[in-house]
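Got a structure here, written out as structure tokens. Questions coming.
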Amino acid sequence: MIRYAVARVASAVLVLLGVSAVVFAVADATPGDPLAGQDTQNMTEEQLAGLRAAYGLDRPPVERYLAWLGQFAIGNWGTSLSGGRPVTSLVLEPFANTLVLTVAAVLLCLVFGTLIGAVAGFRQGSVADRISMGVVQIGHNAPTYWFGVVLVGVFALWLGWLPASGMRDLRGDGGVVDLLRHLALPAVAASFGSMLILARLVRSKIIDISHADYIRLFRSLGISPARIRARHYGRNTLPTVITITGLQIGALMSGVLFVEKVFVWPGIGTQLFNAIAAKDFLVIQAGVMLVAVTFVTVNLITDLTLDALNPRLRTPRRTA
Amino acid sequence: MTTTLLQVDELRIGFRGRREVTPVVEGISFHVDRGEILAIVGESGSGKSVTASAVLGLLPERSSTVSGSVRFAGRELLGLSERSLNTVRGSGITMVFQNPLTSLDPSFRIRSQFLEVIRSRRGVGEEEALAVASRWLETVGLSDTERVLGSFPHELSGGMRQRVVIAFAAVNEPDLIIADEPTTALDSTVQKQVLDLLLSLRRDRGLSVLLITHDFGVVSHTSDRVIVMRAGRIVESGRTADVLADPRHDYTRTLVGAVPTLGSRAAAAGAVVSGSSAGVTTAGVGAGVSRPPAGAATADGSGADEDALRAEHVVKSFDVGSGRRRRTFRAVDDVSFSVRRGEVLGLIGESGSGKSTLARIATGLVPPSSGSVTVFGRSAEQLGSAAERRRFRRDVQLVFQDASSALNPRRRVVDQIAIPALRLGVATSRAEAREQALSLLESVHLPRSMGQRYPHELSGGQRQRIGIARALSARPRVLVLDEPTSALDASTQAQVLRLLHELRDELSLSYLFISHNLSVVESFCDRIAVLDSGALQEVFPAEDLASGERGPVTRGLLDAVLR
Amino acid sequence: MSSPVERDIVSLGAPAAHAGPAALPSDRWWQRLLRQPWACAGVVIVLVAVLVSLAAPWLAPYDPTTGVGGDKLLPIGSDGHLLGTDDIGRDVLSRLIWGGRTSLLVGFLPVVIATVLATVLGLVAGYAPELVSGILMRVVDILFAFPTVLFAIAFAALYGPGLWPVVLTIILAAVPYLTRVIYSEVKAERGKEYVEASRALGASGAAVLFREILPNVSAPIIVYATTWAGGMIVFAASLSAVGIGVQPPTADWGRMVADGAKLFALGAPQLSLLPGLIITLVATALNWVGDGLRDALDPYHS
Amino acid sequence: ACTASTDASSTASVEDPTVIVALPTEPTVFDPNRQYSYDTFRIDRHIYETLITEDLSTPAEDGTPELVPGLAESWDVSDDGRTFTFHLREGVTFSDGTPFDAEALDVNVRRFTDPDFEYFDEESQARMSGVFATLESTEVVDDHTFSYTFTDPFLAFPRYVAQGNYVQGVFSPAALEEYGNDGLADHPVGTGPYTFVERKANDHTTLERNDDYWGDAPVAEKLIFRTITDESARASALRTGDVDIIANPPADAIDELAQSGYGTPDNLGAANIDFYAFNWANEAVQDVRVRQAIIKAIDRQGLVDTVYSGHAAVARNIYPLSNEAFDEGQTDADFDPDGARALLEEAGYEDGELSLAISTYVPKTAEYIQSNLEDVGIDVEVRTSDWLTFSQNIADPGDDVALQPMSWGLLTADWLRVAYSGYVTRIGDGGQYIDAAVPEAIDAAAANADQDSYVQSFQEANQLAIDEALWVPLASPSVGWAYSDRVTGFVSPGQNWVDLTTVGLSE
């Protein structure tokens, strides 16, 4: 187990290298000039060439990549192509903001997705099942952008309970309550996308488990239904919940772009999107690396947890 | 005051098909008095387990229909809500299910499951509960309580799991235990221990037991009354001694007559082997293979190249426990033996002695930690090409002890058998494979219509026979059978054993036959090997089983056999 | 008294006559599917959506792509425009009828392709020796960590904006997710005894994976895939809202919602509500089909 | 709609208010020599000041904003129109305490002109070349006098000085020294009414009142600029009071906002004009008849009513309403589908024979025009992409693309020259397909050193451009604003940015 974990961590580093290379290659392969989007129409070719040289864009891609890698590894993330701000100031804080939103959304998704899935699994076809599933279905299948606009319309504009946008009240001093108020709508909008997946898979798993002999045994021994659910269903659905949650952290991180847009959340999605379109390599690389580190970490934790949870993998497998 | 504890009246159970409800229990009535042990015997598939489940309201709600009346201590149980039933379950009635191997939650260690059971009915602390658990494990003959408690279910042998479940059922001192074949995976010593436990509970606490079993030894040793079921009906009932001594109904007579008895090897074997094979088709199995030279089966001195299966210095160890409690456990310890062509080698030994592990190694499913296994000179570990591998797989087959788990839950019975046959090249077309599969079903005494079912729609004995049919469909040359008839009633068992016998004679098959049932082993096997704590104790001709000069383990097992 | 053998012969016929549900003609999965009302409703809704989309040229009363400036933002129930017109005067009903073509394509096709790919990957990775599965899953991890939008933009840049970049993007986005789900299911399944049994019965690695394990992990695959499909109609719309997907003036449900959202609070909520409801309905119907299929393939479900 | 000013007198005003403004795009960098995008200038014009500035206190209706003294109290233009001498304001210091004088200005200029200068910055040079390409020399005449000399007459220069991009806001030399060329962006120091406090990427920028400001003290204690790219989110933020002022409210929402009491001043005269530029590499549009037919085919009034919901003026030539050279009388062809068809036929295209593509990032307008063009038998494909992808391909969008939407504009008459080089010369080298008289006239106008006929000479050139149908002007949109009824002192001038020093809040 320990050896396996160490090997996994090592391979995670390789994955990150792979990601950075692929990102660089893809970004480089897409046609277009990083400078074209910058109101450079009035410049002459020499002026543009000067600008390009200033950014080091005249060097071959491999060289640029390796140079970047070396610098990145020692913490020097460079200066953005679109205007010369340090990359760190462009990506670190937005990334942290996205993490905040993602964590909030994952928590919501985890709690409600599991609950609703459980209700649907235990009470197949009941009113509670149909209603809760229905709500989640709508939340999931409604376009995020549209859903966001509606949420804002209802809770911010109509009821006036919550702010419509941003991450903090710029007039106040921005305590935790303020953050939570700003988080509420975007987190809900973001979580709906994944909640349905979790709910439906939990439902499916619970139906599977309900056929298991051990459930019948514990019922026959008079263990209370609540306890059987909490313990035996709970423990045996856990791998599913963990797998999906791990996955959805990824999905949420890459999916929040649209949520960030509607709710004006100052996150990495917007930043990345702009950087990608602007071919602002250094920002793309730094942003993607941050996201990738998160993904890889989450996947690693998921895999290790799953293995730890699988009794058959705890001791050497019979089918060694 | 009435002494009737459980009163079942006109119980009817059916399973919903697409259009109609198929009855499987057709109006049975019986009762269990306080402090009484009632045995139900009967044909495999006659509705025993279903009846037991119905009493506690544990049949699948969507697919089954139950009517009639089940009264426990004067209270009607049918139609009760899950919550009300829960007041009866656990403290009033508990149950030991027929299939102990899948009854435990695979995700929790035994300790944790045991504590849950104990503490659900008693407000005791963890410490105390643990003490209770250990005591009960010892009571059911699991002396290495530390290891058992720290194990996950899959780390225990079949018999060990069965005993854990029995301990679960008994620990909270219910009024009635419904025990569905509770000792099928137990060796005779432990079986006796467990049954004596029930008897003593009955004596000391007034426990009642509804005991479903195929084993007439168990019936006569334990029960006060017996009812005999067949095809969803009760065909006979009465005091145990009366029914056994003077069975009235034809079926009961067949059943009693089919019971092999220990020490009468020649007679029993003769009876089985000499029977005509009318009605039993071996077409799906033996077609086109010529008979081996006569006498090869029992000849003792054949050359080594005639060895069908050969194990040399086989060792298998497992890492068990976790953290500081981690240690290595030798489940099989330097075992060497061989099975000659056409020979039946019996393998007996206490529960947990390593028989199933050895069976897996012998069939090449699990590599030994050291040592080697060869089948007709080929080692499972050195199979190069796919063809070679397929050949090996065809040659040696295993009938799994845990018949249920070994069936793919999403595949209909006919395909469980047909697809491997097709894959191994035994059948050439799908239709042919299916036809063979269906006739194999008949060979193991199952109707062809069973082919359309899914595994979970079968009774325990039916599943077991599917496992046998499946292994036979490969037309193996060596067959390892791990408790192949433990869930079969005596007459079905006789049927199956006779089939195996015929196949051996016709095709010169070799068997490694694992069983707890010594009389079956004696009558069916040529030689017997005895395993104890992973090590081979002795190997001797079957005739010598009952003779005086057996080792202590064997003698222990023999002494405990219930007659 | 007769010998046991003779009596056995007698008893042989009996159980066959009794043995419970007799000769049930095996019902097919689709029969089981159609027997469930919700799944049935789902199938019908999806079918209707597909048929209407196919028949759009004959069904739609107007050209979905051209409008008349003067008739813009007509409300529902207007003369000649049953569902009104949009902000540049195009007939909403016609656009809805045509809109399914791209939306359904984008919702189904890439998900189907991704599911097949991911199933193979997940099965192999879940069953293969540690080294192979490690490498496979790390490659999947790389895909994972890659921002979907970057794919989208890259494809759009290489092949021009349109449907295909979106399809490719969705495939690449969906594969790592599905693969991981299947992978972890397979890992949980592979230790079970029936897998061992099938190996004993000579199943090759591929046979074990596809014939034995696959049916037993089909439930999460079906559920996951059908959930994705609905979401993808929406995702594609989001992509086209930033200029990567379907090109205007092509009618597309997702785009209609995105475009209409701006007018949501400004007196024309129907412009986004109608297509939004249709997407939700179709996606939900698909989920019903998914659940139904899951149950139909579940042998325990009668 | 102008409710704010009346309310201001009747309600008590908030002391030292914080005013929050939402802008539609993320500012680039607060480095006056590197920035581009007018949203950036909307913010940092409050930090950095220019030598000359525009009088933004007059509303758009009153026409082109006057040029007024900024950091220079006055300026002279030499008779040959090449040398501009600025008399700098005395007693001004940068917010870091550094005095502002001709030396400081010299550092500013040398940063983007003098390769030998320690802080010479290639990027700045490249960017500033948009205006300063013909700069010949500069001179520190004395402590408070500074002059620029250009190689050619450049009467547009003072107007450029007052405007946003490529023009110097003046930064503190000490800040450049301290933070270096790359650091200036995150540490902007100027002489303006506000000082920089913080900037959070994609979120907001905060400015604080400069208590040592030489001019009138600004009303608001703090200005916060938020980036809200999504237009309906911007409107929602205004409605919920998250922000006080929004730039570019969605056209659809303006009437609604006005009804609910928000200030929604139209400024149709702002510097922007929306038009379609031709891709001259497309064969069809190389024919002037096709270009004219396209202009005739488009119902611009309908477009303004539909797509702009009326919040724009129909544009009939390339000059936006507020441009100093704008003349209502200069119009291109009227809406005339039949005429368009006739022209197409003349050019050899039967109905449906001509097909072309529009590459765009604003699909709605494109869709509208698509249907207009299809009405006269032109088959149109619309290709939408996001802004950045779109802008990457402007110079070479592919030969089948005939039209691309543009949105830009300046208040100086020189805009015609900029537009010509930017949209005719650079996109497919259009000069070869048109009458050489047009570029000649434009060059002549640009070289005109006579103040009095300067504007007129551009108008003449513009007429030639109209005849040649060099572009398809569509609308002079309102680069509008909307603000809550608590906002006081807000004026929307005929320019893309506003002066926020007078803006406050009432209770």
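We just call them A, B, C and D in the order they show up, numbering each chain from 1.
In this section, a residue touches a chain if its C-beta (ideal position, glycine included) is under 8 Å from a C-beta of that chain, and two chains touch if they have at least 3 such contacts.
Quick caveat: nothing in here was measured; it's all calculated off a predicted structure.
Participant: Using C-alpha centroids, which chain lies at the maximum separation from subunit C?
Facilitator: D
Participant: Averaging over Cα atoms per chain, report the distance between subunit A and subunit C in Å.
Facilitator: Taking the mean C-alpha position of each chain, the two centres sit 22 Å apart.
Participant: Report the inter-chain centroid distance for subunit B and subunit D in whole angstrom, where each centroid is the mean of the CA atoms.
Facilitator: Between these chains, centre-to-centre, one finds 87 Å.
Participant: Rounded to a whole Å, what is the gap between the Cα centroids of subunit B and subunit C?
Facilitator: 44
Participant: Please tell me the distance, in whole Å, between the geometric centres of subunit A and subunit D computed from their C-alpha atoms.
Facilitator: 38
Participant: When you check subunit B against every other chain, which residues touch at least two of them?
Facilitator: Residues 60, 154, 360, 365, 456 of subunit B each touch two or more of the other chains.
Participant: Residue numbers in subunit D touching 2 or more other chains?
Facilitator: In subunit D, the residues touching two or more other chains are 232, 236, 386, 389.
Participant: Could you say which residues in subunit C touch two or more other chains, in rising order?
Facilitator: 153, 157, 191, 196, 199, 242, 261-262, 264-265, 300-301
Participant: Could you list each pair of chains that touch, in label order?
Facilitator: Touching chain pairs, listed by label, are A-B, A-C, A-D, B-C, C-D.
Participant: Taking the complex as given, what residues does subunit D use to touch subunit C?
Facilitator: For subunit D paired with subunit C, touching residues are 231-232, 236, 250, 252-253, 256, 299, 302-303, 305-307, 361, 363-364, 366-368, 370-371, 374, 381-386, 389-390.
Participant: So in the complex, the part of subunit A that touches subunit B is made up of which residues?
Facilitator: On the subunit A side, the touching residues are 211-214, 216-225, 227, 231-232, 235-236, 309, 311-312, 314-316, 318-320.
Participant: Show which residues of subunit C lie in contact with subunit A when the two form their complex.
Facilitator: 134, 137-139, 141-142, 144-151, 153-154, 157-158, 173, 176-177, 180-181, 184, 187-188, 190-191, 196, 199, 219-220, 223-224, 227-228, 230-231, 233-234, 237-238, 241-242, 254, 257-258, 260-262, 264-265, 272, 276, 279-280, 283-284, 287, 290-291, 294-295, 298, 300-301
Participant: Enumerate the contact residues on subunit C facing subunit D in the complex.
Facilitator: Against subunit D, the touching part of subunit C is residues 65-67, 69-70, 72, 87-89, 153, 156-157, 160-161, 240, 242-244, 247-249, 259, 261-267.
Participant: Which positions of subunit A touch subunit D when the two form their complex?
Facilitator: Touch list, subunit A to subunit D: 31-33, 36-44, 47-48, 50-51, 53-55, 79, 82-86, 89-91, 93-94, 97, 149, 152-153, 156-157, 160, 163-167, 169-171, 261-264, 266-267, 270-271, 274, 277-279.
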